[in-house]
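Please see the structure below; I have some questions.
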Amino acid sequence: MTSKKFPGLAALAVALLLALALALPAFNSSYAQGQAAPAGNAASVPAAAAAAAPQACDGVKITENCTPNSGDTAWMLTSMAIVLMMTIPGLALFYGGMVRKKNVGDTVMTSFAITCLVSILWFVFTYSIAFRGGTPFIGGFDRAFLQNIVSNTFKAGVAQNIGTPNPLAPTIPETVYSMFQLTFAIITAALIAGSIAERMKFSAMLWFIGLWTIFVYSPVAHWVWGPDGIFNSANPDAKFHVLDFAGGTVVHVNSGTAGLMAALMLGKRKDIGPPHNMVLTMIGAALLWVGWFGFNAGSAVSAGMQAGMAMAVTHIATATAGFTWMLVEWLLRGKPTVIGICSGAVAGLVAITPASGFVGPVGAFCIGIAAGIICYWGCTGLKRYFGYDDALDTFGVHALGGAAGAILTGVFAVAAYGGTAGAIEGNGGQILNQCIGVVTVFVYDAVVTLIILKIVDLTIGLRVSEDVERGGLDLALHGEMVQ
Amino acid sequence: MKIVMAVIKPFKLDEVRDALGSIGVQGLTVTEVRGYGRQKGHTEVYRGTEYAVSLLPKIKLEVACPADQVGKVVETIAAAAKTGQIGDGKIFVTALDHAIRIRTGESDAAAL
Amino acid sequence: MTSKKFPGLAALAVALLLALALALPAFNSSYAQGQAAPAGNAASVPAAAAAAAPQACDGVKITENCTPNSGDTAWMLTSMAIVLMMTIPGLALFYGGMVRKKNVGDTVMTSFAITCLVSILWFVFTYSIAFRGGTPFIGGFDRAFLQNIVSNTFKAGVAQNIGTPNPLAPTIPETVYSMFQLTFAIITAALIAGSIAERMKFSAMLWFIGLWTIFVYSPVAHWVWGPDGIFNSANPDAKFHVLDFAGGTVVHVNSGTAGLMAALMLGKRKDIGPPHNMVLTMIGAALLWVGWFGFNAGSAVSAGMQAGMAMAVTHIATATAGFTWMLVEWLLRGKPTVIGICSGAVAGLVAITPASGFVGPVGAFCIGIAAGIICYWGCTGLKRYFGYDDALDTFGVHALGGAAGAILTGVFAVAAYGGTAGAIEGNGGQILNQCIGVVTVFVYDAVVTLIILKIVDLTIGLRVSEDVERGGLDLALHGEMVQ
Amino acid sequence: MTSKKFPGLAALAVALLLALALALPAFNSSYAQGQAAPAGNAASVPAAAAAAAPQACDGVKITENCTPNSGDTAWMLTSMAIVLMMTIPGLALFYGGMVRKKNVGDTVMTSFAITCLVSILWFVFTYSIAFRGGTPFIGGFDRAFLQNIVSNTFKAGVAQNIGTPNPLAPTIPETVYSMFQLTFAIITAALIAGSIAERMKFSAMLWFIGLWTIFVYSPVAHWVWGPDGIFNSANPDAKFHVLDFAGGTVVHVNSGTAGLMAALMLGKRKDIGPPHNMVLTMIGAALLWVGWFGFNAGSAVSAGMQAGMAMAVTHIATATAGFTWMLVEWLLRGKPTVIGICSGAVAGLVAITPASGFVGPVGAFCIGIAAGIICYWGCTGLKRYFGYDDALDTFGVHALGGAAGAILTGVFAVAAYGGTAGAIEGNGGQILNQCIGVVTVFVYDAVVTLIILKIVDLTIGLRVSEDVERGGLDLALHGEMVQ
Amino acid sequence: MKIVMAVIKPFKLDEVRDALGSIGVQGLTVTEVRGYGRQKGHTEVYRGTEYAVSLLPKIKLEVACPADQVGKVVETIAAAAKTGQIGDGKIFVTALDHAIRIRTGESDAAAL
Amino acid sequence: MKIVMAVIKPFKLDEVRDALGSIGVQGLTVTEVRGYGRQKGHTEVYRGTEYAVSLLPKIKLEVACPADQVGKVVETIAAAAKTGQIGDGKIFVTALDHAIRIRTGESDAAAL
């Protein structure tokens, strides 16, 4: 076992060093973003908070040194913490409860290891290429190793509570913004693992996810949220103004598509069976729900009216979708299940994500009903029809739910809430923009994911041996077993 | 000596144990098993897919007893475990050659 | 099974539509609350924060458009999230660990489904009738479907971070206040399920809880917290000034009484046994404790001195009650148990809830000791004496603890902390007020709950068949099983 | 069983009363701290927030009555809640998953009971002697029973949101600061229990932990964080300026040393075996990670640049250490384990704790790698070499990790971040200061812990009988069993 | 009558049960056991320490059947459970004196 | 051939297995059971109510061996499992008609 595993491990270590080495030259020659950067999607939010303290960051004088708004910062610190909680232990348990007992350790460890791996990459350079200015397609390296994150001039210091604010988050320290966005990168990667559960090599998974974060997540995040991103609705120079408040496209369509590709490449599991512990799944779904307020309301990057509305619509859509899925299942299968209501709630969370800063309560209610029905069908009819083994339904829940939410955002958006009208308010064209976003991400993601998987398959192999799969990944790969 | 092995419905365990106690049976060993028989299993549902789970939870009892008590033991178990519905279970009687009590080294009848 | 379950399901769906239909007429003819509303129980809190920013909401100019206080909003967003966490996964696990393994799925799903159901009702109209002005007994329909929640005039928008503040929560967006209060409605309903565990039909439970939320929770919440509620201590026109900072009466006496009625109507379980997993119960109790800071300190609806004191007294009472219960059990039964210390902590949380904005640390310590002893007796002596099968002791812990806390609030209240003196400071009459609150809620709740249960019993039946009960609700009702 | 347990119980109750009685005389004769107190380590933080509101607390006029900063208060309320979550359920599960199934109840109950016990002591007098002025070695009794915590003059009240700020936390209510610090005292005590797992009497544990909190934790916390503490880097009169942002020395070296002493006194377990449920351990590690943002970023006692940087470095070090431990294990043992990556993450959290307000992202990355390697060795090579049975590696992870972090803080500290330069910036002497802190705490702790353990052993005995140990502590001591 | 007791690899359970069903075996009882034999166990790792876990998860089947069916039952199990690799397990045949169906009181062959 | 079935205290499992290994026993099967006998059960407490739990966790061992080794096997188990205190357990010996090794098809003595 050791000898078979070790190459992957060694290679991994080498790669890390390589990445570091590659990044170092870029350290000082990085794209000079600084002052000239566009104002970003949160710039309009805190205008009113300005007048009082001349030293406070207020989104107008965003390029000067100023003191962060303590309330906004408090909320974003909290948001980061609870969005991290969504992945570990949230998603780890949500997924862990749905696999067989012999694979629960591998499943939860996948979430945990992805958290570590993506965080390291983020620190090294993926934050920089995703969220710093550069081109409409990819950012620069000026925040590699998070250099200058406190202040571009470095004259001001942490201890004086003064720094250069990030135009994307003008009222909070950039450190907080960077960590907050990191938790999105983490969960996106971790979601993919639902499709590959119970049969992928742990080492192959690490390689796959690492490369995917670099070559898929970072550019896609830059397109939609980067200050000069091609789809960024807050970037006046953007080609298409795609509304994606908290990641329907970047997070959910993106992870779901990658999951589908991985499920197709891996093939079906040798044996399947019912979830081993729906109580774990319930804990996971509940923590996802709780943490998702950080995800959606946190995406307001401030603690005000927009965060409040995002929280309300998130909650309404989630409750509605959970209840809808339960009713559909009850009607069609005769029994309401724990896994069902939990899946429905997650489907609702997914679908409201892109919409959460743009729609109102009634729109959220409609999106919730749609999410419950569409994602149920995605996990049953659609999956059965095509016959792929998307083990824990990353595609059925996240890609479908994310796409539905993105498109319905174009329907239900209310100008008074998020600044952009949707089809109901007469702006039918927004639906088109939304579709362009979804389709572009789907295509790019599918192609690059397949390439990455092919490379990993040819080098270290994607799948465990049949013996290991039958006996369970926990003992064979990790030497551990739940009693 | 004989070993009486019975497969019964789980919720009947307490009743059976009390009944055995009242006829002087001093010891028994209980195992959680799953059974398959005329009583068909159940269905588990997972995101719209049904899994037929044909094995039902049952309790297996093993009681070692002198040959002359076997009849009483069997009757007692049968009476206490009966609900009259399918899946009530079976009683199997096999021969027991030797029995030893580990603590004292006593053997056979004295060991039970 | 399908055919037997389906009527309940169909009826449920129909009822939802009905409720929607009934509510629609009220949509625009609702009580015009707006400007004239009384200042509410939080109005006095943030006065000092006003001077600085002319545009900031400050509790004085509460009826004009203004910008929420970001610090208060940050804390209330957080509070909402962690109070939700109290129910799922907190209470779900607290209860789930105490039932037998064969019923753990049904038990946790009950909490989850109640969360969804109560949230939908809240959105439709229960928020409006509970927390909007109307009569001293029930509120109006002007926030049905959360209409106008951003601004009554609708000229200001979310994106400008300006809105009409709610007089009950002048410094935060009303969306946040509504969602925060929703989490109280959720947990109150979910608490009841402790009494009915292991034997009620899942469909009957949904009907019962849905009706109870409409006909019991909403009016009772209005009495005590509605701007014109008959018991609201911040309403100058109130008949009786009942102190209930965070819900001793509204939440705990209310749920405990309903639980007792349900336990009486349902009868005893066929077989009982020890809890199957006290580790789950411990997780649940711990998350209840953590989330309860959102409950109690969040009830200050601001992040200042009052929230701080509420947090301190909550923690002191909880720790003391947990330790007291453990010692009592150790003394009387020879062993300190996990379930015991967890139950004691919850008893302490319950008892300090009504008191948390009014008493000081020493009062909290005394309330903690009282809660530990009284609730222990409620779950043992009292229950044994009357012989009802309150499965997980909703009455013993919540009704008794809530009542004890409500009355002791009248004893230990300190004027300098919460504005009202208690018996120790010479205001003996407050105890009487507290008793009036408790008794009124008890009587109203008992009567209406019994009527609701009777109706549900006659239509779809309250209890599962003996076979289902013996075999466990998980497999029979939900088709799932923990391995 | 009853009769054997009872003396411990009775004694416990008596002791509590005794402590109360002893404390009462000190009630009013306590050291008059008030106005003259030094400004404390957080004083410099919020200077910039001052100008705006004349009534706001701003760290300059810290001795007058003022209104807390709502953003800082929001973050600290949140921090307290999530740091409590670190112990229950976090640490309880982290430890609970690593013991055998027969002891999981005792293990989680230990964390829960310690939470209650330490909280009661804190209220009675340990907060006062740790965090109020007095001598450089121990504080005064002027906050026994949290008296005057709202205001020293008591003219201002909670309801007006005005109070005397604590010089250690000038922008938030002292109630919040006291509760926040309490959660540190709780987890420090609870960490020790990792060393004594699976074999110590529950009653002996309570006595040991209670005495240890009084005689070790309180003075050590005062040395490093007390306003006039001998090691407090913010105290101009301090003998040695030891940098310990969030508790590398006070929390981790302290608990790890006590754990080692306890493991030595108790001796080895009769039988050992692999962890019974690594999923519980994963939940625990994840909640520790999430809560640790409250621990480290919360130690900024404000929501600004310093909190942001503390969050970033905490996350980077943790992810790096988790990944490093996993790679080391993979390399040396052939398999990456769930327990391994979780242990590594905790090691990273421990090591970054003292450094989190002083170093930058690159320093954090280096500290993370060091923590992963050093603590792995502490749990394997070192432990095997000396042969003590530190059951769950409190010494290997916490004392070693804490000491490594403390010393590396002296290496990587950046003046622009935390006000003090480290060796890399030319201030080699800081390393010496750090070592003095670590060694002093180690020696004092080791001696006093041994004395306490000896006393407890002679009076009620430290260890359960062999029968109880073999059969499991859950049934014998608590009458409970996980099914 | 005989009791056929087989210890097999866990993932073979479904195949064996189906095979037995197809030759008309109507009932069986399944127990989760752990086995020790030529197939060596595995190693669990805990913070760098290895624990040899010599017991492997196995499934024990018990089938009561008339003496004349024993051959077929044994062959069927052996065929279905075989992977050809070490640890495939054993089949043990012992005598069964009596069998009783609790529900009806039927005994011996009629009870199976 | 015989089957030796022993019910022992759980924590004695490792010792017994090692002892059997040292006398050349190559295989055995282990089941987690609960037992009831002279050793009285324990009490579980739930919010002040006591539940008598009369069944104690035990381990059941099954060892198939040639008839001439039975004595040694029984003695070895008895010696290794003994603590001298109540609840040490029992050893039962029953006849084994046939044994088959699934992997090879070998039978009887060769199969053990």
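As written, the chains take the letters A, B, C, D, E and F, and residue 1 is the first residue of each chain.
Criterion: a residue touches a chain if its C-beta (ideal position, glycine included) is under 8 Å from a C-beta of that chain, and two chains touch if they have at least 3 such contacts.
Note that this is a predicted model, so its numbers are computed, not measured.
Asker: Any chains in contact with both subunit C and subunit D?
Answerer: A, F
Asker: Using the contact definition given at the top, which chains are in touch with both subunit D and subunit F?
Answerer: C, E
Asker: Is the number of contacting C-beta pairs greater for B-C or for E-F?
Answerer: Ranking B-C and E-F by C-beta contacts puts E-F first.
Asker: When the C-alpha atoms of subunit A and subunit F are each averaged to a single point, how far apart are the two points in Å?
Answerer: Inter-chain centre distance comes to 53 Å.
Asker: Let me have the rounded angstrom distance from the C-alpha centre of subunit B over to the C-alpha centre of subunit E, please.
Answerer: 18
Asker: Just give me the whole-number Å value for how far the CA centre of subunit A lies from that of subunit D.
Answerer: Computed value for the inter-centroid distance: 33 Å.
Asker: Which residues does subunit F have that touch at least 2 chains other than itself?
Answerer: In subunit F, the residues touching two or more other chains are 31, 44-45, 50, 53, 94-95.
Asker: Which positions in subunit A are in touch with at least two other chains?
Answerer: Counting only residues that touch two or more other chains, subunit A contributes 52-53, 69-72, 74-75, 78, 82, 274-275, 283, 303, 333, 335, 337, 339, 478-481.
Asker: Among the chains present, which pairs are found to touch?
Answerer: Contact pairs between chains: A-B, A-C, A-D, A-E, B-C, B-E, B-F, C-D, C-F, D-E, D-F, E-F.
Asker: Given the complex with subunit D, which residues does subunit E contribute to the contact?
Answerer: Per the touch definition, subunit E meets subunit D at residues 44-51, 53.
Asker: Name, in rising order, each residue of subunit D that touches subunit E in their complex.
Answerer: Checking each residue of subunit D against subunit E gives 98, 273-275, 329, 332-333, 335, 337, 339-340, 343, 376, 379-380, 393.
Asker: Show which residues of subunit B lie in contact with subunit C when the two form their complex.
Answerer: Interface residues on subunit B, with respect to subunit C: 11, 14, 42-45, 50, 53.
Asker: In the complex formed with subunit D, which residues of subunit C make contact?
Answerer: Subunit C reaches subunit D through residues 44-49, 51-53, 69-72, 74-75, 78, 82, 101, 274-279, 282-283, 285-287, 289-291, 293-294, 297, 302-309, 311-312, 315-316, 318-320, 322-323, 326-327, 330-331, 333-339, 341-342, 345, 360-362, 365, 415-419.
Asker: Where on subunit B does subunit F make contact in their complex?
Answerer: Those in contact with subunit F are residues 3, 17, 26-31, 64, 94-103, 105, 111-112.
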